[in-house]
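In what follows, chain A forms one complex with chain B and a second complex with chain C.
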Partner chain A sequence: MSSFLIEITTVLVFGLAFSMLLFILSVGLSITMGLMGFANLAHGSFAMAGGYVTVSMVSKTGAPFAVALLVSFVIVALLSILFERVLYRHLYRRPELDQVLLTIGIVFASIATVTFIWGPDPQLILMPEYLSGSVDLGFNNFPRYHIFMIVAGAIIVAALFYGLERTNIGAQIRAAVDNRRMAESCGINTGRIFTWTFALGSGMAALGGGLGIQLLGGIKPVFALEYLVIFLIVIAVGGMGNIRGTFFAALILGIIDFAGKFYFPEGGAFIIFAVTIIVLLIRPHGLFGKA
Partner chain B sequence: MTSSTGTPTGSLARSVQFLQRRHRFHWAEIIPWILAIAVFYLLPGYRLLATQILVMILFALSLDLIVGYAGIISLGHTAFFGTGAYITALMASNDIPDPILGLIAAAAGAAVLGLVSGWVLLRTTGLTLLVLTMAVTIMLQELANDFDEITGGFDGINFTNSEILGLIELDQLWYSSSYIYVLVVLFFGFLTIRTIVYAPFGRMLIGIRENTQRMSAIGTPVHQRQVSVYIISAAIAGIAGALWVQVQGNVTTEVYTFELSGEVLIMLILGGTGRLYGAFLGATVYKILESTTEQVLGTDEPYWQFAIGIVLILTVLFARRGLFGIFEDIVKKFKGASKGEVQ
Partner chain C sequence: MKKYLIPAISAAGILALSGVQADAREYKIGFIGPMSGGAAQLGQQMERGAKLYMKLHKGELGSHTVKMIVRDSKRPGGPIAKAAAQELITRENVELITGLIFSPNAMSVAPLINKSKTPVVIMNAGTAFIPNMSPHMVRVSFTMWQAGYIMGQHAANKMGCKTAVSGYSNYPPGKDSIAAFRKGFVASGGKVIDEIPMGGPAKVPDMTPFFQRAKSKNADCMYVFVPAGNHAAAVAKTYQALAMRKAGTKLVGPGDITQDTQLQGMGSAADGVVTAHHYNMFLKSAENQAFVKAWQAEYGANSVPDFVGVGGYDGMAAVYAAIKGANGGKLTAAGAMKVLRGWKYNSPRGPISIDAETGDIVQNVYISVVRQKGGKLVQEIQQKFEAVKDKCKELKLGKCGKKLY
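Then we have the complex of A and B:
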């Protein structure tokens, strides 16, 4: 019985930590796609940029991990505003294929750029004392970092929900997602909302990139492509533009993925894709999406 | 086509004439084949690269059928390429080393996968479809990795082909017979695709691409037609995959990578979609750019990806019809043409 308890709690804690990371990484993409109808495949590149900024801050300047995360959030958010103004803006009304291609172009260029600067090998950082080692909860030992990830994730989720559901700006964002024209008629400057939301989403991705360094075994150039598929799966299953849906999708997929890899080390990575295909066939607009 | 005036029979005759004229071969269409043969004799040192280019042209052509003509965006076309590759390799390593049989089996296997996946995936559109095409490919890659006692996993399978029709041996050293073999297969593949796109079926695909609802309203079974072209495209991509591994004599899980799906789409976009020769131009330029960048930088690290990324961004922003579109514009300018043709 106790070994069963250990198994279950291990799967839950590791899975939940991964779920939280998935949510932080993909929520920005979900908003971008729902709000602007823009297929931004370069979202992973912003996350990767966040990871590399964090790594450089910590290893080069010796900044504390938390400060590095904040700085990477700000830098990447600003960078994304630049991209939105210079490149994305021209393609809002163009077909999906054009958006896909432009952003894949950005992905390729960004992979090459980070390979050039940091090299192809995964970059790791030494975690501060309070985040390394493990904690004993009586029945099972958990890595401190995973507990931290879950707590940090929960705080971010709560802040995001509060911001979107309870504040004025959140109401404006929701209005713009639901019906852009109507929102504009009510005097909401959707163009500005777009830019700020895009920056916020990219900043969140950067935060995810930084938080994921430890969880995903370092940050490396292929990150932008390797995890892109996972982000897309999460938001497709959750329903585009639906933050609650994205959260539950991340929760379900994160835990299923870890459980799959835990119980079937051979073919476990395959389960998440099978689940996705089945879900999307039954509900093409995602679990929580509007038809 | 609003320009036609006059009697109904007159306009019918004119449309038939229009379609027939499009289907007829233009003298310039022989140029790529002459170039391909010229490369064989004049640049024997580049036959390996040229062989790879030919295979990629066929792969890009198959993608053009669904992306360029039917308007189905796929980021998972390597599912078919890889399946064709593995079927051929598994047959060759299990005592059926005939290359032609390998091609046929690859086409059939990829077509079956196209039927099954197309039938279910093509119910969705847009981003969901994009995600699902990617998911299928990555799932197959995971499977190939997991069943490594069959697929050889990361190391892959090495195999040898028998002689083509019992006569010609595929040489993997000088790529002489291999090159010709690939060129001949490409030629027949191209003829098939060319026939399809100029047939009424191809016109219907363009109709579906331009306005799905209207085609549905005038009685086209849209889903069925989309699945049909998906199957054809899958079979040709399977043949391309089979050729890719036959000339190399080995297969690894690389044939299933998502990157390859992206690359072939880039080749197609670079050349120009929905215009057949765009695939020729795109695959050639892409592969040459790749190999020269690698030579110049003296490394096979993916720095050329930077160039490709920038080229892609510029293509989307400024030359949406691809290199071939630019080429057409130049030709038009020289001719001072005033007669606008409908693509």
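Then we have the complex of A and C:
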């Protein structure tokens, strides 16, 4: 009984921590793909930029980890506005191939840029005291960082839902997505809405990049490409542009991924692909996607 | 007439010979390593080692020069390295190939060089049977069995471990490494209760599920092999995050998990980790201290060499020896092997030699423990094993026991 309890709590807690990270990393891409119909493959580059800003702040200026995360959110959000204004906006009405070519180009450019500045080694930071070590719950103990990840993720999820469902700007975003022309006729500046949404999504990715440093073995130049597949899986399973869908997809995939690797290490890494295929066979537009 | 002919011919011969020697020859060699992608830091480290040797030993080849042509193998798999080797041999006409970080890189190159008869000096790839794949290959780096077998014995005999679990990156050197550990550990009376594959070498997975599984087995020791580079820091961090030391499981492994370039980023997580390896930058020999000093003079005071860098450095020493042996003529496989099989060298890691029969490295293996000293991590040598040969070939296990060409 007690060993069963240990296993179940282990899978849930660690799986949940990974789910939260997945959600924070992917939700911005879901927004840009669903709301703006833009295939932004460079999403991982923004996440990576966030990771590098966090690492540099902590190791060069000695800033606290939490402050570094917030600063990276702001810097990357501003940076993404620049990209959106200068590059992305010209391609909104162009075919997807053009969008993919531009954004994958940005991915390669970003990999080369961070390699040039920080070198190819993975960058690590030493976590503050309150985030290292583990919490003993009597029957099982868990790393403090994983607990922090879950709490931080829950707060972010709650804030996002509140923002989109209960605020005026959230209503405008939803309106712009459902019917852009109608929203514009009502006097909503959809161009500006998209810019801010894009910035928010990229800032979230930056947060994810910073939060992931500890869980993913440091931040490194190939990050931008390495995690692209998993972002796309989360979005495909959840349904594009659907924040609730993205959340549940991240939840399911994160926990299944952990359980798979824990119980069947030989083939566990492939289980999420199997789940993805099954979900998409039954619901081609994702769990919560609109047909 | 006949009386004068022989001296005349020999005089002409001597003239011709000295003419060859006076001609400065440029030796073109190919260097294959991951220069981009996830393992780019390993490629950089190996190239830096090789170039440092070239810089410090400029005059050694007299008027001859070496041109190193670098090609990117990008990923741990075989095809790109193979294409690079093919291009180097057929288009660039290189006379020797070196580098080769990942085992599958080296394995895919072997059939090619057997046809072209191009000598190869392996600077890293450590799967034990690789030199058996070609008579034209030597390895200056290490074999997984040198560290793994000794670590297995040490864990059972000196660390009091009765049971162990292994975690490994699931590709040839990973399987090799845990097999070596198992052999050494079981031979010394230990029992391996679980062996956990932890994903492939290309991407660093979240290590938590694998380590959590290991933790649930309550073993005395956990032996981990991951490829040097990105994976290493994740190992120590996960081990610490899961409080496995407190739970009574000691972390051991080959030196890949305490790679010098990654060590300081691990923080207190690495404290107490025990490894078996052929090099770390804290070795006290005069050769090593001079090497580290030269490295930091060349690449900056914050730059650190690790065993991959030493592999590059010593590999280039072997290449220079082969070129000296060619004496201004073409570098052939037969000529290079004659020099390199049985070659001896005083490396920063201690005295090394190449086994004449197998083409594989013979070297010291050190048991080290990581300690915190003055806010920094250092590796303290606890024990030294001298002139260690590859155990897998000694025991003639599987592919180690036969020629593969």
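Criterion: the second predicted complex is superposed on the first by the 291 of 291 C-alpha atoms of A that agree within 3 Å, B and C clash if a C-alpha of one lies under 4 Å from a C-alpha of the other, contacts with A are read in each partner's own complex, and residues count from 1 in each chain.
Everything below uses one rule, namely that a residue touches a chain if its C-beta (ideal position, glycine included) is under 8 Å from a C-beta of that chain, and two chains touch if they have at least 3 such contacts.
Quantities reported herein were computed from a predicted structural model and do not represent experimental measurements.
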item	value
Chain B versus chain C as contact partner of A:115, first or second or both or neither	both
Partner chain(s) touched by A:246 [first = chain B, second = chain C, both, neither]	neither
First, second, both or neither for A:273, with chain B first and chain C second	first
Touching partner for A:281 - first (chain B), second (chain C), both, neither	first
First, second, both or neither for A:87, with chain B first and chain C second	first
Which superposed partner A:33 touches (first chain B, second chain C, both, neither)	first
Touching partner for A:100 - first (chain B), second (chain C), both, neither	first
Touching partner for A:143 - first (chain B), second (chain C), both, neither	second
Touching partner for A:258 - first (chain B), second (chain C), both, neither	second
Intersection of the chain A residues that touch chain B with those that touch chain C	115, 120, 266, 269
Touch list for chain C against partner chain A, complex	36-38, 40-41, 43-44, 170, 196-199, 203-210, 212-213, 216, 229-231, 233-234, 237, 240-243, 261-262, 265-268
Of chain A, residues touching chain C in the complex	3, 6-7, 10, 14, 18, 115, 119-126, 132-134, 141, 143, 145-146, 214-218, 220-222, 226, 257-263, 265-266, 268-269
In the complex, chain A residues that touch chain B	33, 39, 87, 90-91, 96-98, 100-102, 104-113, 115-116, 120, 225, 229, 232-233, 236, 240, 266-267, 269-270, 273-274, 276-277, 280-281, 284-285
In the complex, chain B residues that touch chain A	67, 73, 75, 120, 123-124, 126-128, 130-132, 134-136, 138-139, 142-143, 146, 258-259, 262, 265-266, 269, 301-306, 308-313, 315-317, 320
